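In what comes next, subunit A is part of two complexes: it sits with subunit B in the first one and with subunit C in the second one.
Entry: the complex of A and B
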């Protein structure tokens, strides 16, 4: 559980599952064997996270405002516990993400699930970011100053 | 509260609310507005309601806007009321705006800066002419130009403009630190208020109020000689450290607008002349709000820089006591509620005063 490699892998898939739309996750899951069955230990339940910023972007923290978040904890039939905290109020997505977090930690089946479900989602999210960067790039502007304007 | 409870009127109130529901729906021959339509097509209204409602959830904000018939302060009120029904799971780590996925990033002080000027989806440089093609009944998707194809997707570094000035020692540094900030939603406002409390209050403050106060500083009521060092709009990751995990996880991304103002400061006996900062940060795409916030943040730092506090925007207690439109609307609008008993006592008092004045002027007879 506490090995650094597993922690960084979990951080990656949790971030991807938090950002990917539920239909996209479900579409990937439709291509693989059903996930191990699970029971809910907590939730899914919706609450708030207070978002902090920093004064000047890099100074002391301040409270910017809250956001909704839905969390879920499950225990699957192989004895693995999965957690999820997902921005928004999509309870089925939080449960799905928790079930996936549990299944992905399985030393045998996990890596394959990571390749077939998580990696394609990561690619789709990266492609969406690329599209956004390209749109931003198209609006890059070179201003030129008129040196004589005020002389 | 200066009114007493009244009883009765339930039937009239029910009928009034029924009528409100019909009025909200409007002409049944016109299709009803969907929440997703509001979310997708009235994004700036959604952003404003999230910021002033102090709760980031586009779907809830869109619902509130529909329910309030587009009255954005009423919508923010609905969102604030809803958030009180939810438990708080955690506080996030401070968001890293330097790592923002940029949609827009401009600087008014450096023409050529690392990462460049990116206009993004902006109303700047539009001619403010009504576009009647949007009023056409037919859908207009076919007429929009498609987005740019991802050819140049190289990740350009977008360092903060303030860091460029910082490196030269020309910019007053922010006080670093990781102390847990004060929280207005947990402890009531008290004075003197630290910068953390001030920034939280401004972030949820009324956009119109901040705009007007910021404008007042430009017109000479506590001028701070501002320049827009940088405005950036885009998505940042929000991370929390759940105790059951013990490591940081990303729970999703939210859109933020950040504004850093560069302001004049002459220096003092102990410090050389340098620029000072005003900071604005808010939910969604809300440049006017972030700019107003940055102007007022800088103005409220007057005593920190040894400036005289003479103008409204520099008066911390004045600004923070009046920036919240939910509190303001509550106190102003409560005047509509029954004040019959209070007013009765006012009537008695003024009649008595007039009677006394009449007796003094004409001791023989009582005034009518």
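Entry: the complex of A and C
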């Protein structure tokens, strides 16, 4: 995993798999060859992680709150290890995302899988984002102050 | 990277039942105990692997000797354990040959529980040189005969025992079985 290109591609598909809904991923997978078989190394298991924030982006870190996270690690028949951390408690999705992470690292089959599964998911997520933005845009109000009251 | 093997399949329940095995072995020095869950993770024996996953976590430091180093990634992944900067500073040592006990951290008088715990993987727990155990947890002297201990083990252990309440605790693991020699036990030849 020292290849910087592979690292950034992997960051992208892990982020997409974490955000995409499971039925959407399954629908894409139904259109391609079955994934290599795998066995679980850890999980899927659900736990809490403390999310930290910084006021204004550069203040002292504070604990924003805990969130539920499900993680899974699998090892597939081609000797590749895949990890997944997803929000919520959808264990089958965590396992599916981990199996996909492993399969996508394959130098031969990976790039095709990226085109046929990850890219459409990215488009679907972007479209959903745009829809939400458009809805919000319709009700946007610009406030401005004509004069400041000073006492 | 040797990260191709699972750890505990049911981490909470299996670690608890292995902890029970460790507790009963520690309270009955020298008794050969079967680890309640065996984990295949070579070069660690099943009992060694289970003891490590039960006892070590991100709050302790671990030292592995050269033959066991291939297991480092596996342990770091499943236990989140931190590598000890040196043998003398390690809270846990998992080794295939016993290091000189005097070189390891035996705890302080204020905090004797911080001393090192040695997990020694040996070829067998029987058929070696017989040793007699006395002390707390033993109604009558018990005889053990593990393989793979150094020739001057009895003298080294005597020195370790004299440090009480400081001192090292030792566990011997072979395949799926292990026995414990807590610092409170006295060991004689034959």
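As a convention for this text, the second predicted complex is superposed on the first by the 138 of 151 C-alpha atoms of A that agree within 3 Å, B and C clash if a C-alpha of one lies under 4 Å from a C-alpha of the other, contacts with A are read in each partner's own complex, and residues count from 1 in each chain.
In this section, a contact is a pair of C-beta atoms (placed from the backbone, for glycine too) under 8 Å apart; a residue touches a chain by one contact, two chains touch by 3 or more.
In this text, all values refer to a predicted model and were calculated from it rather than measured experimentally.
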item	value
Clash-or-fit label for the pair subunit B, subunit C on subunit A	fit
Which of subunit B and subunit C A:79 touches, first, second, both or neither	second
Touched partner set for A:51, first subunit B, second subunit C, both or neither	first
If touched residues of subunit A are counted for subunit B and for subunit C, the larger one	B
Which of subunit B and subunit C A:41 touches, first, second, both or neither	second
Distance in angstrom between the closest Cα atoms of subunit C and subunit B, superposition on A	6
Common ground on subunit A, meaning residues reached by subunit C in one complex and by subunit B in the other	73
Contacting residues of subunit A [partner subunit B, same complex]	7, 10-11, 14-15, 18-19, 46-69, 71, 73, 83, 85-89, 127, 129-145
Residue ranges of subunit C in contact with subunit A within the complex	1, 3-7, 11, 77-78
List of subunit A residues in touch with subunit C within their complex	39-42, 45, 73, 75, 79, 81
Complex interface listing, subunit B residues touching subunit A	50-51, 54-57, 59-60, 83, 86-95, 97-98, 101-104, 111, 116-122, 147-153, 155, 160, 162, 174-185, 195-197, 199-200, 203-204, 237-238, 240, 242, 244-245, 247-254, 256, 258, 260, 277, 279, 281-283
